[in-house]
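Notes for the one structure printed next.
Per-chain numbering from 1; labels A, B, C, D, E and F assigned in written order.
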Amino acid sequence: MATVHITRRERFSAAHKLSLPDWSAEKNMAVFGKCSNPNWHGHNYELWVTVKGTPDPLTGFVVDLSELGRIVNDKIIRYVDHKNLDMDVPFMKGRLSSTENLAIAFWEQLKEPLEALGCTMHCIKIRETENNHVEYHGE
Amino acid sequence: MATVHITRRERFSAAHKLSLPDWSAEKNMAVFGKCSNPNWHGHNYELWVTVKGTPDPLTGFVVDLSELGRIVNDKIIRYVDHKNLDMDVPFMKGRLSSTENLAIAFWEQLKEPLEALGCTMHCIKIRETENNHVEYHGE
Amino acid sequence: MATVHITRRERFSAAHKLSLPDWSAEKNMAVFGKCSNPNWHGHNYELWVTVKGTPDPLTGFVVDLSELGRIVNDKIIRYVDHKNLDMDVPFMKGRLSSTENLAIAFWEQLKEPLEALGCTMHCIKIRETENNHVEYHGE
Amino acid sequence: MATVHITRRERFSAAHKLSLPDWSAEKNMAVFGKCSNPNWHGHNYELWVTVKGTPDPLTGFVVDLSELGRIVNDKIIRYVDHKNLDMDVPFMKGRLSSTENLAIAFWEQLKEPLEALGCTMHCIKIRETENNHVEYHGE
Amino acid sequence: MATVHITRRERFSAAHKLSLPDWSAEKNMAVFGKCSNPNWHGHNYELWVTVKGTPDPLTGFVVDLSELGRIVNDKIIRYVDHKNLDMDVPFMKGRLSSTENLAIAFWEQLKEPLEALGCTMHCIKIRETENNHVEYHGE
Amino acid sequence: MATVHITRRERFSAAHKLSLPDWSAEKNMAVFGKCSNPNWHGHNYELWVTVKGTPDPLTGFVVDLSELGRIVNDKIIRYVDHKNLDMDVPFMKGRLSSTENLAIAFWEQLKEPLEALGCTMHCIKIRETENNHVEYHGE
């Protein structure tokens, strides 16, 4: 019974900033640097969702990638694409939009509906710029 | 006397939106779609600056790329990186931040100081997402 | 009146082969090499459609990219994506599916409907593999 | 004794389709969507083969990458490049050419000859399009 | 307590060769092929440094990426960028500059100063060309 | 009679440095910066060779890309791949190995043999790093 990991990439473009409302502009600049610009900045984020499972003997599929894509769009992309991560996204309310926190929040949004497809969640990977990315495996 | 084109890539991450203040939210949505989100969105922009000239017989250089990079950073990148293109950038005041308008504005910012290095401006290319980019040749 | 070039990328995955029915298998192999495999092979093609024009003073757009994308999908992508270029595509009937011929055919499909948007067709670029691509400018 | 993973990328362009001969065209379309096009479609596949082992104290090599490349070409690439995965590939006979099944089949083809080089097979990764890929670790 | 992996990419351009001084030119060529060219060759290396840890509840950061970047530059990049890996790099003295050996040496350079930031070293990944890369996890 | 441009990419990995033997180390450093490191550095160069012509009515080819590739390898790649551009390459003797000069030299090497295939040389493009490239059109 072979276990295969399968990954789908999605993309979204969003505004955000890193700053704590309780901190002074100086402290936010000291800790978050240019990411604390009060008027926001933004990124083209790349998101890779990886699930794992045993390929179906008939179809050869671990999961129907169209179904998986539909769920990722329904639970994540429509909330974050061309949005402000700090103002527009219900499941990010009260959390700083660090890439680390985004990965954890996306995992929470996706785990249950994706596993209902009959596979196991494996990893959320998010690339913020070509020079940095994070990965979260759910624990 | 060979003419060679040389290109340097720079990157910046910025927030922006496309909407006209005189228009209703409905009209902005009809014309600009999801790019009109009132709370902004953002991109990792890639910028290619191309100049042309004859390589120096001694150094083999059309232009000193470090000098060129210093000017692009001084005239463009420090104004736009981790900024809001619509709120923070002096040379974009009063212009919608379409990629087309950005390319024209960058050309205007760079032409004189770059040509002072002894080369000719050739092209500003900006990629907003992996699926769209613009080029401007100064006329 | 600034002229800006704007480019949209689309992708499609298709099967094809290069072989002439009047030639022997040996001659097809001699001329087309492994591309003549009788049972087809295939590619992930990337297509860049470039138009040019003057940005609208109000919107900053040379063209509405959503409209452009809709037309490229309507005139090209729905005919070629997940299809066989030699069997399934009406506008390729009777032409070998060399990347050169594809570029010319795509130009013919797109020129009139895209120029109806108020811009000028500039270039069709198609990348067949990471090591080869073609460009066609309409003449 | 350090264990290092080393990966070589290869590429191949192939035609395939996903459809079960016992199913109606309607059922194949319902399950496999556009991938079931009877006249095939195709992809530029990217393949990453990862082995692991201890670098040789003299050469610094886990494995001779030229040897590894020769084996990957001999056991995989010459069978699949510019071929039809469903008609031309002996080791895919009787299996649907889902990317999952390809990864398992490639592992089976490579494990023995690669481990004869003195390393351990670690992963087969295959990217079918820029938006999806699979990984298989042999169990 | 979620554990997130975070990765930063750096780049460096360096000369090197693979050859053992005790071996004849013929033996070096037989084992190392074109990599043994006596007058060196070179690469644009890409380096991914991955650490892991729990995001700070306030900042959402596993680690301050600017700090991490400063350390990678201080301990690695300034020694190897635009250098000869076999002649100019103190920590590579006496080791062949195979990509495997580079990864192990970089790990040794970085583990202590990076873990002083409060995270755990996870992986050094180095890509030598677009067709080969290595990964080292510290054991 | 349609004119199509067709481009083939090749890659080579080479060592080089930028420094003039008549200049002091200080002057070389002032002009060429880290590129003047006496012990060399190196790059993974990417080379795009573009020719243009009318597709053959039978084959749909502007030029046989295999033939073109064979010539590029015979006239360029075998001289520069895994070599030192300043010590090993006959056609670079007496020229600084700036990317500009490489492009001019490659054009001179390729123009006659490629045009013997029945096409017209259009452009040599060389990318030295992901942040800079040059183009030369033969005049």
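Following the convention adopted for this analysis, a residue touches a chain if its C-beta (ideal position, glycine included) is under 8 Å from a C-beta of that chain, and two chains touch if they have at least 3 such contacts.
As the structure is a computational prediction, the values presented were derived from the model and not from experiment.
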item	value
Chains contacting each of chain C and chain D, listed by label	none
Distance from the mean Cα position of chain F to that of chain A, given in whole angstrom	41
Distance from chain F to chain C - Cα centre to Cα centre, in angstrom	28
Between chain C and chain A, distance of the C-alpha-averaged centres to the nearest whole Å	33
For chain D, residues contacting two or more additional chains	130
Chain-chain contacts as defined at top	A-B, A-D, A-E, B-C, B-F, C-D, C-F, D-E, E-F
Residues on chain F engaged by chain B in the complex (per definition of touch)	18, 20, 31-33, 95-101, 103-104, 130-137, 139
Chain C residues within the chain D interface of the complex	11, 13-16, 34-35, 37, 39-44, 81-84, 87-88, 129-130
Chain B partner contacts - residues on chain C that touch it in the complex	2-10, 55, 58-62, 64-66
